[in-house]
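A, B, C and D label the chains in the order they appear, each numbered from 1.
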Amino acid sequence: MPQTLPDIQNTLDTRGVALEQVGVSDIKYPITVLDRAQGKQHTIASLAMSVSLPHQFKGTHMSRFIEVLSRYRDEFTIQTLPNVLDEMRTRLEAEAARIEVRFPYFVERSAPVSGMKALMDYQCTFIGDSSTDSDNFILGVTVPVASLCPCSKEISDYGAHNQRGDVAIQVRTTRDAAGESQLLWIEELIEIAENAASAPLYPLLKRPDERYVTMQAYENPAFVEDITRDVAVQLREDPRVEWFSVQVTNFESIHNHNAFASTSWHR
Amino acid sequence: MPQTLPDIQNTLDTRGVALEQVGVSDIKYPITVLDRAQGKQHTIASLAMSVSLPHQFKGTHMSRFIEVLSRYRDEFTIQTLPNVLDEMRTRLEAEAARIEVRFPYFVERSAPVSGMKALMDYQCTFIGDSSTDSDNFILGVTVPVASLCPCSKEISDYGAHNQRGDVAIQVRTTRDAAGESQLLWIEELIEIAENAASAPLYPLLKRPDERYVTMQAYENPAFVEDITRDVAVQLREDPRVEWFSVQVTNFESIHNHNAFASTSWHR
Amino acid sequence: MPQTLPDIQNTLDTRGVALEQVGVSDIKYPITVLDRAQGKQHTIASLAMSVSLPHQFKGTHMSRFIEVLSRYRDEFTIQTLPNVLDEMRTRLEAEAARIEVRFPYFVERSAPVSGMKALMDYQCTFIGDSSTDSDNFILGVTVPVASLCPCSKEISDYGAHNQRGDVAIQVRTTRDAAGESQLLWIEELIEIAENAASAPLYPLLKRPDERYVTMQAYENPAFVEDITRDVAVQLREDPRVEWFSVQVTNFESIHNHNAFASTSWHR
Amino acid sequence: MPQTLPDIQNTLDTRGVALEQVGVSDIKYPITVLDRAQGKQHTIASLAMSVSLPHQFKGTHMSRFIEVLSRYRDEFTIQTLPNVLDEMRTRLEAEAARIEVRFPYFVERSAPVSGMKALMDYQCTFIGDSSTDSDNFILGVTVPVASLCPCSKEISDYGAHNQRGDVAIQVRTTRDAAGESQLLWIEELIEIAENAASAPLYPLLKRPDERYVTMQAYENPAFVEDITRDVAVQLREDPRVEWFSVQVTNFESIHNHNAFASTSWHR
């Protein structure tokens, strides 16, 4: 091996095209996140990490992303993201850095009548953007729920079509006096989504529980439009919320396609 | 370029390992299939094509699969599969050949009350296996349906959870006097699946149609076990059916996981 | 059945939440698109169609999307999208309408030495947004290519790692004198992407062709950064291009994760 | 609520169709597996659990699967699978039970020259089948590797196309004197796959490492046929292996489709 290997990435580029993002994606990595009930939770993330690249530099040193990731995997939260992004900017000598972290998060749920417990999974995301003059953190949760069609209930002599759906919420919080993003628990967003739906989903239901949720859904019919609006109303009232987007998708049980509604808002 | 390029694939192999399949997969190609109502239907297939490789040969000439595919793409049916497989065996000098073809197939469906028409998609598969002493053809269709839970209906004062589900049927037919596989239409398997479900799905429903299918589903509760069995009973009675498998999967509207049942049978 | 069924969607809503999008998604439908070489091409689309919903209306009549789709499926192009969007706005009494159409598009490719022909697939998208005061059309193409790592080539005594990658381009064109979006062929974007990569991909290569593309890739090493920039340079020079984004992703052959780079630009 | 809810699943069925499998699928659950280096590893599984259902019973009590799963999630190994299956058969009063567990497994890998460490993910599966007279356990690992085409290297003046590929191995082991399945580590199957490929993949490579693996791949060209055979040769020589299947898939860097080869063997 030659004593020093050339560093092609470090050479000059003359095309005059700055790149918004250069990085690595579809990385799978075990990480630890905050858990409201248990303190910490082990999970497995799929990540994308990138930095900006000024027009005059040919390339980025991609291996450094993995070095940063390995160092921070023991605590990945909205609170530690600023540090991860800072280290990405320093190690990769970049003005801006971005990270997207997707992971399943488990919450122990009790069946509504029998009280039997089991774990249910929710897909979550952390997105962090950092540049010299600003940073930006978003928490996302997708909550599977049941929805029962108000039109079908109203026009039919009996029954009503219902189905599984997804409530995808993304939130950016306001800053506290110290300039830090306020904490919003994944569990809080799950509750907001379930409050807006016809009924929550559960991992484990015995017959009395099934009776309960069947009737709960029938008593709370909701279009995708209704669920989207009820989530929006709750989030607008929370002073910690600076911006949100919500998209509700129903896997219609009368069609082979989906119905969806979405909206966004900022304070 | 040298006048003759070496043919590495054609060299001898001494490891003594025969390969059951060597080929290409995840090929996307436009094909034409038989349509009961329209004569022909243009669709787009995802294919895997392979041949067996005796232990003494190092490799297969993969480009020949694409040459065969290009020649036959204008009519891909259970009837032409034997010719495709013959040509694969000849061109690739192989004892056995296999092809798997997956494609969406569209059927015009009329809403049950308004009669309004639109197209609905069904995922289909052709699988063909051919060797010196036998061949084997399988037709598969996955039919999305609605199912309404008999337990939920029975134990609740009103309502019943229901959801979208999939009925996946695979069939091998008996041979006619000339030794050819008997024809079974994709449309026939769709009807069998829908007969067994709580209600069919439709691409387009107006309010009177929605009322109709809501009440139809409520009147026909069915577990995944029931749908599987009702499909099995219908297929066993059809003299053209030599073997079948059926798997029904419900995207449960009370859970974030699925329920399924399966069985298979041969004459 | 009652003589008139209530129209729940048409009732008033008092929550004060306007919805940006309400519609249907994951619809599969056969459509016909323009083909530079053949005139027309049959393909199969996955679509999302939506309209805006003012805060005072409870719901949207989702079946009307399918009615519009059925009427226009015989010619879906950047040219007919304005009509589809107009009809969506009229039929659904909405201020704004949006459609996203994803479909595979096939182009006959000739191998570089043998000239042998076969079809290759490219994933394409049409996105159209229309409101009372503006409309907006985007054409997208994802072009699979080969990339060979300049660093690996430079630092190694022989060989260089290379891999399959994707060049995803989205373009909005300028308007002509009549105010219509200028035409840009899918085939033109494919050429731009392939020019920027180490080598094009082909559906069918014989040995002399494989020799050709192997050496072509070795002679044209390119990072994801380089490919992104070379696409950007070509698009900026085309007077028909008003805005573009490009993202290049490499399925690295030395890692189990991907490398990517992206940029965007507007005139 | 009525004092006792009817048990529909427990009623008699007269259609005469026994079901091979009835159960739940696509369940996400955190589990703990054995780790050769660390003792234990936290991961997240996707599971399917099912039992057979005799023809005379209408349905299965699906919630019991989740109860069994919750009890065993702290140690899921080939060694504890027999207990899980026993409990499924007992709790669900079934003759046969089946479980399929898919999960990512992480191994710390050291770069070949710099020695820098990071984690790499491998998709694994446990499959267990148990009935009154036999049981059957399969361990599966999919190992991403690099392959470099021997034909391309031979016919080209310089370079050679290479790409990421997958080596999917499934193994059933022989029993020891006590009748228990012999242990085979996931790490052992990873080594076998990497030995057969052109080069291993790594999560983190610095420039001297990249030089090393680039040249290693160039020195070890291998078709999918070669990799399949070299895996087969190694597995046949291991006395713990009773049966295996191996399928190698290359994400070709000169085509937009894949090449694959497969074989299976039993002692």
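One rule holds in what follows: a residue touches a chain if its C-beta (ideal position, glycine included) is under 8 Å from a C-beta of that chain, and two chains touch if they have at least 3 such contacts.
Quick caveat: nothing in here was measured; it's all calculated off a predicted structure.
The chain with its Cα centre farthest from the Cα centre of subunit C is D.
Because subunit A and subunit B share one sequence, their contact can be compared position by position; here over half of the interface residue numbers appear on both sides. Computed centre separation for the pair subunit A/subunit D is 29 angstrom, with centres defined by C-alpha atoms. Taking each chain's centre as the mean of its C-alpha atoms, subunit C lies 36 Å from subunit D.
With centres defined as mean CA coordinates, subunit D is found 25 Å away from subunit B.
Each of residues 5, 27-28, 121, 151, 155, 203, 205, 207, 211, 255-257 in subunit A touches at least two other chains.
Subunit C makes touch with subunit B in their complex at residues 1, 5, 7, 27-30, 42-44, 63, 66-67, 69-70, 104, 106, 116-119, 121, 203-208, 211. Against subunit B, in their complex, subunit A makes its touches with residues 120-121, 144, 146, 148-149, 151-152, 155-164, 199, 201-203, 205, 207, 210-211, 213-215, 217-218, 251-257. Residues 2, 5-6, 8-9, 13, 15, 17-28, 48, 50, 53, 58-60, 62, 150-151, 154-155, 223-226, 228-230, 232-233, 249, 255-264 of subunit D touch subunit B in their complex.
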